[in-house]
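Both complexes shown next keep subunit A, but they swap its partner, so subunit B is in the first and subunit C is in the second.
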Partner chain A sequence: MTADAPPELVQLLTPEGERVEHPDYDIDLTPEEVRSLYRDLVLVRRIDLEAVALQRHGELGIWASLLGQEAAQIGSGRALTDDDMAFPTYREHGVAWCRDVDPVKLLGLFRGVNHGGWDPAEHNFHLYTIVIGSQTLHAVGYAMGIQRDGGDGATIVYFGDGASSQGDVNESFVWASVFNAPIVFFCQNNQWAISEPIEKQSRIPLYRRANGFGFPGVRVDGNDVFACLAVTRQALKNAREGQGPTLIEAFTYRMGAHTTTDDPTRYRVASELEAWKLKDPIERVKAYLFKNELADQEFFDAVDAEAEKLGADLRRRCVEMPDPTPMAMFEHVYSSEHRQLDEERTAYAGYLEGFES
Partner chain B sequence: MTVLTLSKALNEGMRKAMEDDSKVLIMGEDVGKLGGVFRVTDGLQKDFGEDRVIDTPLAESGIIGTAIGLALRGFRPVCEIQFDGFVFPAADQIITQLAKMPMRALGAIKLPIVVRIPCGGGIGAVEHHSESPESYFIHTAGLRVVACSNPADAYSMIQQAIQSDDPVIFFEPKRRYWEKAEVDTGSTDWWAPFDQAQVVRQGSDVTLLAYGPMVKTCLEAATAAAEEGRSMEVIDLRSLNPLDTGRVFESVRKTGRAVVVHEAPVTGGFGAELAARITEQCFYHLESPVLRVGGFSTPYPPSKLEEHYLPDLDRVLDAVDRAFGY
Partner chain C sequence: MRREFKLPDVGEGLTEAEIVRWLVKPGDTVKVHQEFVEIETAKSIVALPMPWDGVVAELMADEGQTVDVGVAIIAIDTGEGGADAAPSESGADAAPSERIAALADDMVPRPPAEGAVEPGAHGSPAPKEERQAVLVGYGVKTGAAKRRPRKASTPAPAASPSSAPSPQTAVPATPASTTGSPSARPQAAPSGAGAASGGTAEPGAVPSAARLAVLAKPPVRKLAKDLGVDLTTVKGTGPHGSITRDDLRAASEAPPEAAPAVQAADQPREERIPVKGVRKMTAQAMVASAFTAPHVTEFLQVDVTETMEAVKRLKAMPDFQDVKVSPLLLVAKAVLTAARRYPMINSAWTGEEIVVKHYVNLGIAAATPRGLIVPNIKDAHTRSLPDLAKALNQLAETARSGRTQPAEMAGGTFTITNVGVFGVDTGTPIINPGESAILAFGLVREMPWVVDGELAVRKVTTLALSFDHRLIDGELGSLFLRDVGAMLEDPLRMLAWS
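The block that comes next holds the complex of A and B.
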């Protein structure tokens, strides 16, 4: 890299809340838009915090926390237009928020009442995919569909640093490249795949892998919501305009455990966590708003109050979520008659009735 | 009436489906210019273009995974897996995604995808080109699994599979690709529901249950047995999941004996499922245990040995003799 080359990491807002320039990316946000991003960040962190608490109280079987990754998800999520389609992993609660998915619908999967509780077409937000990396191929196929039906949107697919080792992710890069599919690969490199550090997945920065597949890759400060928004917006625009895929590596950190069943103290040191706390995605936006007098204490208090209300509402609605009936497991397996399944459903209903008399 | 090979019947069926519905796509390795290694998709890319007949990268998981994405966008992909033994890289997408996504979405998603798999041995091929992997998919809820055995069924069943809103694993008997028969392409009146079994030869002494390439073998066995005065009923199951148990039970209750024939290994194979169901439902009609003829508990052998591995007329008749020995 020469001295004139742009810095490896695209950053528009420093951890201290200073706006900085980047030769390739810029963003022009109104104060209202910045306040709105701040609100999103705070609210999704509150949703996440509430879900962790619900798991601790036994109301959820498990939860995958997004703590620390709010800027990557809100920045990229707010770059999407209505026509764009998003394919998440199981941790994209912030993107779900941007796609207007009711947060309580995210909880069904983790509470065990269903495997996915929303209509993907209604939100242009696909269901959570638990098998690591599988959704990258679905997203490329969807993008190929847009090419074939003349749709206006692009597709974005989320995955992590661990998933970058999966065959499906690498196949999806090949397919997107040779078909020039309108897709953005959004990799949140949160440094840890459960207990395995990024060094177990790659010897080079992940964004550079794109080069070998024949499309551009860019590394963005994943804790900088401005930069994530700017870079994703540009990549989606390129995709819509027929310039093919982009790989975005959002360089971030998983502040919490992999899921609520995980214990990160077994494999990572506290000093690493402390260093990343200084790069918090929310504090830097708050500092920016303060310093530039774009928001007053009243605004911050109002957002905090809204977050509390959202958390309480989510808690109440989670606990009130009805359990599925036993017969629900027989539904939607096939779209029409299936002899063996229908026989089993009838037999099991009769078996259950035997307990009622 | 037109005389078609089984391969050409599939081709004509897909052509008709593509003409009827612009959302139907063909995808797979070498399916375009080459027309597939067995020429089943011959000429379709020339007539429907590269956007609808897609030569894909050599990545089976990619074929199924992107087909799922296309289906989510409203398309009806027909995927070709080049050979049975190459379906395993795609098994993850088929089992964890294709089969389960509609239930995951509580019915909000339909995945009308057909996965065509040339299957079975008998063509002197190298390793991985002669397998019968149907049980892996029959075992997976959410998939429909069918197998055609003759040109007429190939023509109708491929169109029915494409019309189905559920994912369909479609097994094609590769050694029968060049078998010819008359097919009425001008009418659909003769089509049977594609989850229905067919009695392809009436008989009274024993029921032979088969699908795909073994149907012809069983018919030949029945012809040979008839010369010795033994009357064998042959059922072409056609659909393996769901299974048309009604026709199977009706026949076995009539004959009192059943022999299941498939190329796949007997251990954990579909014959075990049939034997269990027949035993449960036809117990008092049975004159003998349900017997199975199939591949051995070995990997598919080198082709010089495949005549020993594959069930043939004599092994079928031997099993029938054993059924009469009880």
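The block that comes next holds the complex of A and C.
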């Protein structure tokens, strides 16, 4: 397990909170922007932990935690413009936050009250995708659509290290490459695909796979929000300017369990987690703000208080979500009505009728 | 206002959990996110966080008790009269932040307290008795789920004929009352549309229908299978006459028909111990190893007087001040050194390939209160001697206290078993599955020994090396064993060869 950052990693902020230079990437952020990134990081971590708690309360069936991956998601998510379209997996709560999706809407799917609670068109944020890797195909198709419509935006698609082994993902690389589609492949290499370590997925660093498909790949410190922002911005810009796809490998770590259903102590050693805790994505921004006197204690307290409020609000609104009627499941499967759907609906209504109330 | 917290399904489809430890007691003030109880599911130990602020009114379950999901376990007096006990919204109270931070740890559940894993397959889960350990997936829902009764006559909803549920799938409220209907499947969820009408129903399959009509939860069914008990012969005492674990245990322990009462009333002549947990895993691993890998064992008597002297001198060195130095340390070092010279010893047979490992995860067999476990020291070959000593100590301590995590037992490449601690000279050790050799280190005792043509009293031990003859021939095994012996005879060789 290579917990140590490899040399080819793009990093602009060290785990100790030191700004460092990189020959190819740089970023110029105002203190206000840095504070805003910090706030994003803290709030999404809070949303995530509240959801874990809600699962432990029996209010959610399951939850996939983003703990440890906040910087990868906020950095890339904040690089998006309104015109860009994002395709998430099931763990992109931080990206959802950047796309202005109300956090409570993320909970519906995991509470079993809807199939994804937001309008993808409204937020330019597709619904969560559980089928590993399939969203890369949807995303490439979408990007090719933008290309054909002469649109302004680019597309970004999120997937994991494990997904990189899927046929869908590799096919999408081929299509994106040969059609020069305006897309950014954003792979969060969190070192684990449930219990399978990255060594079981690849013998070379994942970002280098892009070469074989004919487009550039870059590995970025996925726990460095500055670097993730800078690298993703550049890749999106390239895509919009007709330079085709980029694969970004955000080198990060899943600090929690795969989902609330999983017990990672069965397959990984505690020392690995301890090593990654030292690279925490939030601590380094806090250290940077503090050291450079870009924020005072009052600011940090205010963010914490905001997180507190957000948490309480989320807990309350989660349990207030209405249960859908059984018939609601027929509503959003097809975009238009057809006879078979109608038959199924009628049959099911009849079946429900058969019960005493 | 009194609010009750119901035991949640913290996994996917878990049906019950055991209350391991209460972290609060009646009268305690509790806060949102404060962990208040540890429960053990089939998967792991999980601490549950409080959803409300308030005062503990009542603990509704005892430690050690197994509770069904959905049953209230604690009552909290949330103070305010209103219905919604929304927790502190002010944000002025900073404490919740700390408690939520603890939740981050909760994402990494504690290892199961008991019922560990034998090493072997990568992260092989530890089956805990009859419970099924699944990492991810959809388990079974309790039969206790509320189900509305069907109306007296259940007209098949008239849609297209193919989509009409067959009448037999209409499940009565209490399946226990079903006696005849061969295709009545207690769990068959009536599927409305497009269900294969007749696909699954086996007409005339009366005997199996009888079995299906028996009420027992899936974990109980599994236990029955494990115990070899025919469920149809067991009388159930659970809800609706369902069969419980206790029923099964009673049935499986019941003396066979005509057991005469000749035994002394106070002292049973036989005892039946269910095979489970570590014992079961050990048995499986040993059978798997002994009957797949052709074992060869070789022995070597070694004069370890110098090694014992070296141990004494190491103890006096500042680098070893806070660790326990034992002869095992030098045996481990000798093994690591020899494994570098003969990498094939440290390899695995997959069937089509031999995987030679250029790293050593050195397993040390440990007798613990839970039974035999073999945790390993990861990348032991990279460690300095003081480091190795520390790792050995730590591993032993963790094992003794029963806190060894499954991952610490996975991925071993070579094992040492220190049978000398039991006061015996040697044995024929069985290879840990997935590895190719194992070394037994016997008792070190004073023995008459010939040194330079003279009889002398020396400290002598016996080494035994078992290896898998599919990939290691006698020559290689002997070379390895001879070298380990030579290094223990003259520890300076460890330096020379490393």
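Just so it is clear, the second predicted complex is superposed on the first by the 328 of 357 C-alpha atoms of A that agree within 3 Å, B and C clash if a C-alpha of one lies under 4 Å from a C-alpha of the other, contacts with A are read in each partner's own complex, and residues count from 1 in each chain.
The rule is short, and it goes like this: a residue touches a chain if its C-beta (ideal position, glycine included) is under 8 Å from a C-beta of that chain, and two chains touch if they have at least 3 such contacts.
Source: prediction; values computed, not measured.
Asks: Applying the touch criterion given at the start, work out whether A:Asp304 contacts subunit B, subunit C, both or neither, answering first, second, both or neither.
Replies: second
Asks: Just to be sure I read the superposition right, which of the two partners does A:Glu344 touch: subunit B = first, subunit C = second, or both, or neither?
Replies: The answer is second: A:Glu344 touches subunit C but not subunit B.
Asks: Between subunit B and subunit C, whom does A:Leu106 touch in the aligned arrangement: first, second, both, or neither?
Replies: After superposing on A, A:Leu106 lies clear of both subunit B and subunit C.
Asks: In the superposed arrangement, does A:Leu37 touch subunit B (first), subunit C (second), both or neither?
Replies: In the superposition, A:Leu37 touches no partner, neither subunit B nor subunit C.
Asks: Now for A:Thr261: first (subunit B), second (subunit C), both, or neither, which partner does it touch?
Replies: second
Asks: Kindly classify A:Ala227 by the partners it touches after superposition: subunit B alone (first), subunit C alone (second), both, or neither?
Replies: It touches nothing on subunit B or subunit C.
Asks: Now for A:Val333: first (subunit B), second (subunit C), both, or neither, which partner does it touch?
Replies: first
Asks: Can you check the complex and tell me which residues of subunit A touch subunit B?
Replies: 114-122, 126-127, 129, 131, 134, 136-149, 151, 167-168, 171-172, 174-175, 178, 331-336, 338-341
Asks: If we count contacts the way the header does, which residues on subunit A are in touch with subunit C in the complex?
Replies: Spelled out, the residues of subunit A in touch with subunit C are 46, 49-50, 52-53, 55-59, 61-62, 65, 67, 194-195, 255-270, 273, 301, 304-309, 311-313, 315-316, 343-344, 346-351, 353-357.
Asks: Okay, in this complex, where on subunit B does subunit A touch?
Replies: Counting only subunit B, the residues touching subunit A are 25, 51-52, 56-57, 59, 61-62, 64-75, 89, 92-93, 96-97, 100-110, 141-142, 144, 164-166, 195, 241-245.
Asks: Hey, which residues of subunit C end up touching subunit A in the complex?
Replies: 5-12, 32-33, 43-44, 46, 48-49, 51, 69, 84, 86-89, 91-94, 96-97, 100-101, 103-104, 106-111, 117, 122-123, 125-126, 135-136, 148-151, 154-155, 157-160, 163-165, 170, 190, 192-194, 378, 405-408, 410
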